[in-house]
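In this document, chain identifiers A, B, C, D and E correspond to the written order of the chains, with residue numbering beginning at 1 in each.
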Amino acid sequence: MATDLEAPVEGPRPGADEAEVELLGVTRTFGPVTALDGVTLRAARHEVVAVVGASGSGKSTLLELVCGLQAPDAGSVRAARAVLMPQRDQLLPWLDALGNAALPLRLQGVGKAQARERAHALLREVGLAGFERAKVYELSGGMRQRVAFARTLLAGAPVLCLDEPFGALDAITRAELHGWLTEVLAREPRTVLLVTHDVEEAAVLADRVVVLSPRPGRVVAEIAVETPRPRPATADEVVAVRARALEALAAAGGEAGGAREAGGEPG
Amino acid sequence: MATDLEAPVEGPRPGADEAEVELLGVTRTFGPVTALDGVTLRAARHEVVAVVGASGSGKSTLLELVCGLQAPDAGSVRAARAVLMPQRDQLLPWLDALGNAALPLRLQGVGKAQARERAHALLREVGLAGFERAKVYELSGGMRQRVAFARTLLAGAPVLCLDEPFGALDAITRAELHGWLTEVLAREPRTVLLVTHDVEEAAVLADRVVVLSPRPGRVVAEIAVETPRPRPATADEVVAVRARALEALAAAGGEAGGAREAGGEPG
Amino acid sequence: GAKDETPDGTPKTERLTLVLDYFPNADHAGIYAAQAAGFFRQAGLDVDIQVPGDPAAPTKLVQARKADIAISYEPEVLLARDKGAAVVSFGALVQKPLTSLMSLPSGRVRGPEDLKGRTVGTAGIPYQSAYLKTILKQAGVGEGSVKEVNVGFNLVPAMLSKRVDATLGAFWNYEGVQLRREGKHPRIVRMEDAGVPAYNELVFIAERDTLRERGDVLRRFLQAVGRGHKLLREDPAKGVEPLLKANKDLDRGLQLAAVKATLPVFFPENGKPFGWQDLDAWKAYGDWMVENDLLKRAPTPTALTNEFVPGQGI
Amino acid sequence: MLAALLFLLLLGAWELYARAGNVDDFILPAPTEVGRALYDDRGLLWDNLLVTAQEVVLGLALALVVGAALAIALHFSPLLRRAVYPLLVGSQAIPIVTVAPLLVVWFGYGILPKLVIVALVCFFPIVVTTLDGLRSVEPEQHKLLRTLGASRWQAFRWAEAPAALPAALSGAKIAVAVGGIAAVFAEYAGSEDGLGHLLLQAIPQLETPRAWAAVVVLAALAVCCFALLALAERRLAPWAHRRKDPIP
Amino acid sequence: MLAALLFLLLLGAWELYARAGNVDDFILPAPTEVGRALYDDRGLLWDNLLVTAQEVVLGLALALVVGAALAIALHFSPLLRRAVYPLLVGSQAIPIVTVAPLLVVWFGYGILPKLVIVALVCFFPIVVTTLDGLRSVEPEQHKLLRTLGASRWQAFRWAEAPAALPAALSGAKIAVAVGGIAAVFAEYAGSEDGLGHLLLQAIPQLETPRAWAAVVVLAALAVCCFALLALAERRLAPWAHRRKDPIP
């Protein structure tokens, strides 16, 4: 598949070993709930880091911290310009599918016609040809997610924070988008933080899989994936990483999302 | 795990072979888009039918038809009282987690205290103990989904239409809820239509897996699962069904959700 | 002065803003007649007639010199001066009070003496409430035995609705005439017949400095208005036409009847020229206002001047 | 159809009530009398309607612009909101009679003071609803725009403004409905023509049917303006007007 | 703090403008004069304020009840909406002077006609915003309630009513702000006391500072009512008032 993303990736280009995202001992609490507890996480330039963890373990919170949409209660967050693809797509109902996808370009001052043209090409890539003019409520769940995905890519930020970008997609569409994203990242590398519930997806796409414990979220395992992308889901290492990640998740205490541990519950 | 669902399942109890849900040659179009095309589908009493298919193949539309929230353009739909768990949780922001879960009971005239008590027990089952009073925006994505799941169960309808009920859950939480749901269905059987993108989930939970083709949605395969529940994801038949379903999906034309087939696109 | 005249000796046309006391009605027929007959033009005046918001506005606008002259009420002039305003009445438009005590047959009030135990509607204007007190005292009716309700602008509806037995504040030459024409048989008692000192209901006012600076303009104005009123007196039916023409929404029959009723009070008694104000009457009325705590000080004679009335002054 | 029937029923009830002689004709004329006045005075009513309609439309336009601008300013500046909003609220409590002379001083006698009065009466609903609408944007949408790199102004342009539009139009509908009466007040405060002028002339002349005819014309004007705006609403904010299938 | 400063600044500007002698004292008194009148006439103002405040509060309560009830009725019945809504819109164009006599016939001179007038002026914003709010419920939420087996009434109780609440409160805020002036109109149409009556007396007596003092008291009343309602809003619809971190 050919792509014409053309999103100008910005920022200086230092050595690939320099961390483009760095969280040091980050703690984030919401009243009595501790979402993240002393999380340290680095993503090098152009590294793809998958974050997995129980529901409510603070993954979305982590991404918002990286994108500067929340501030930590303790610890420090440093990141290049990062764009978030939110867990709920947050499409704007007053724009059509194309308008939503083209939004970041418009915000960068790109003219309407040009922005829509580039968004049009990208929507085609994610399988939404013919739905450019569809209103948001006319889109199915997976279609909405793909529009949001396209929108995120078009923002052209050096860091992508993807919060379950393919959660609402069927296996086939998902696999296709995996392949396509791999291709795009090979051509225009970015730093990616990928939150997913699908450990296989994590193993297929990421250079490193970070496992969070259930609330409060702490890093309990980091699993490197050495096989170069594209890697099939059947690759030995992928299967192994998947198994290790599941193990780490289970070991961390998967008791129904770990909601019942003592303390840290809202009154 | 013990449950005190106590939801009075209503309706007459005829022979288990009688279809409690019956779609005959159902077609549903939205303007130029044909979402479903001549779909015939039956679910016998207490049967669990999983529906898989590409994004945009009309799965959500199918469930809404069964629940009487839409009317078909052609064909007939017959179903016992069915309750829908929507793809997007649709929690009401003016109610807390407990209030949202207890809503169907309140609508049935159950007093506030009693309704909340029963909902409380169920929220505990789905791992949300301590979050009863949380406002909707304070819940993580997976938590919201679990509240919506609890709400759906409490409606006490004989037919459950679940639209990706566990899509936002991590593998561990999801597996636990699979187990718990299996238990509940064993104790209080219901007819279930389960839309999912996770073919493994379909194979683990369903008596039958129905595969839809990409838009327009047509039934392209029906795969029966014989092994009695609970069945582990590693069971031979589960693995086999999973493979067959994936095959059927791929064969049906998984080209990025099949959005680019000729015709049937909105203007 | 010489500079006000064009080389050929005819006076240069001067603009003059006149604010009426209220929406145009029969009381202004003479002014419109003068306008239509060209008397203003002949006097070198270009009169711009404006309609005010509330009856207190003309005084304010003249005091602020946002209008050259205005039609006001004698009591308003005295009140304004008492508050420190430098407005002067330089001519009377209506010589006698128009305010009246009015009732319908259903109210069974033939005169002030019947008011005992009754309800009287007033417009809520303090000096008119004082009229009621004076009238009651004169009629020997205990003040406490009469209930006064403020009915705002709705004097006539108040009577028609039978919620009050009589009203004080409606004009006998307008509401009175109209009610009679409609066959409602109003009973009317005029203020000066019930013990209230007579006063000029409507007067022309100007700011003191205007008086000094543009005296001859005012003189020409009064003269022209006087001519308009004479025209009106000669042929009321024809004289009322300009008013009707300028205000399409006025009812011909009513306005003509009102003009005919008002004609006697447009002109002073005992052959004085149009606009003449009776100094003694003003004094008596001013004293009455002081007595009734409406004014803080006795008004000075400079509240009015007849200097610009036709045939007076220089 | 049924709606028209209901309307006629109400009219009939009024006619009966008025005919029964419960209230004097001068206080409440029967609809037939009002109808006759509507017909007899059609020229007069039409001429004055044109004057008033002009005041209403221009005044409303002014109110819309000023109201929306104020709401936006108040939304952008919390300081302004705290300092100026109470004044705006207070401004609604100022009876026109107290400011009418001031308006004459500032704006003279023409149509200008009338526009100002209409605008003064009408801008407030727009400010309140627009401001509340602007503040109703979900925090999640704000976050989205922030992460896409939107400036404060862009967040307004792409999220707050469209989100506030339905509420703002609610306010505009209120404004439009009271616009007629505002023009009448303005004409009370001094005028040579217009329906308010007609009304104030008709009342002391006891021309009650004509007064009510003027009111009917005013009401028709208000209903027309309102309907136009309701129509505009569906065009301007279609996403807020999706077809609902409420529970039967 | 800064807000108070800005307020004082505005006051100072007014003082300077008035002192500069641009406009006559009788038209625009300086704030210090108004302040003196506020102090000198405090007893008078207070007594009359009590009367007017009572009319406003009771009239508003009436308007809230009637307005909300009407909005709900119109929402439930499309027939009623088509037949009655235009009449309600038209009702806003009826100047009080034309109906005041009728109200006198029906209700006499007590507090009742005043309540009716205040309610007549105030109910409309509530109807418009509540109705628009009720119709703003997402179709998806309707579907949810349908699938949970809600009756029409329950859908109202659990989805439409809470969804409409913020908009309805917007309308109530508008109503509350104009409530004071409505009471003044009502008092103009006939009264023995109240701030409107005080104004009616003060204006022809050229007691301009006192008139403005009455206006200040009226404005304060409006601001208080408004602030109370804004407070109530945060309690009644907390979900609509989540803290936002708008783009800096």
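What we mean here is this: a residue touches a chain if its C-beta (ideal position, glycine included) is under 8 Å from a C-beta of that chain, and two chains touch if they have at least 3 such contacts.
Since we're looking at a predicted model, the values are computed, not measured.
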Which chains are shared contacts of subunit A and subunit E? B, D
Walk from subunit C over to subunit E along touching chains and report the minimum step count. 1
Which chain's mean C-alpha position is the greatest distance from subunit A's? C
Centre distance in Å when subunit B and subunit E are each reduced to the mean of their C-alpha atoms: 49
Give, as an integer number of Å, the spacing between the C-alpha centres of subunit B and subunit A. 26
So what's the Cα centroid distance for subunit D and subunit E, whole Å? 15
With centres defined as the mean C-alpha position, give me the subunit B-subunit C separation in Å. 85
Please set out, as single numbers or ranges, the residues of subunit C touching at least two other chains. 54, 60-61, 64, 153, 157, 160-161
Note: subunit E residues in touch with at least two other chains are 23, 26-27, 97, 101, 105, 139-140, 143, 145-146, 150-151, 203, 242, 245
Two or more other chains are touched by the subunit B residues 69, 88, 137
Touching subunit A in the complex: which residues of subunit B? 30, 52-57, 60, 87-88, 124-131, 133-134, 138, 140-143, 145-146, 163-164, 167-177, 197-199, 246, 249-250, 254-260, 265-267
Subunit E - residues contacting subunit D, complex: 2-4, 6-7, 10, 23, 26-28, 79-80, 82-84, 86-87, 89-95, 97-98, 101-102, 105, 124-125, 128-129, 132, 135-137, 139, 142-143, 145-146, 150-152, 155, 166-167, 169-171, 173-174, 177-178, 180-181, 184-185, 196, 199, 203, 211-212, 215, 218-223, 226-227, 240, 242-248
Residue ranges of subunit C touching subunit E (in the complex, touch as defined): 54-56, 59-61, 63-64, 76, 79-80, 83-85, 121, 124-126, 149-154, 157-158, 160-161, 163
The subunit A residues in contact with subunit D across the complex are 64, 67-69, 81-84, 86, 88, 90, 92-94, 103-104, 106-108, 135-137, 151, 155, 157
Which subunit D residues qualify as touching subunit A in the complex? 140-141, 143-151, 154, 158-159, 162-163, 165, 237, 239, 242
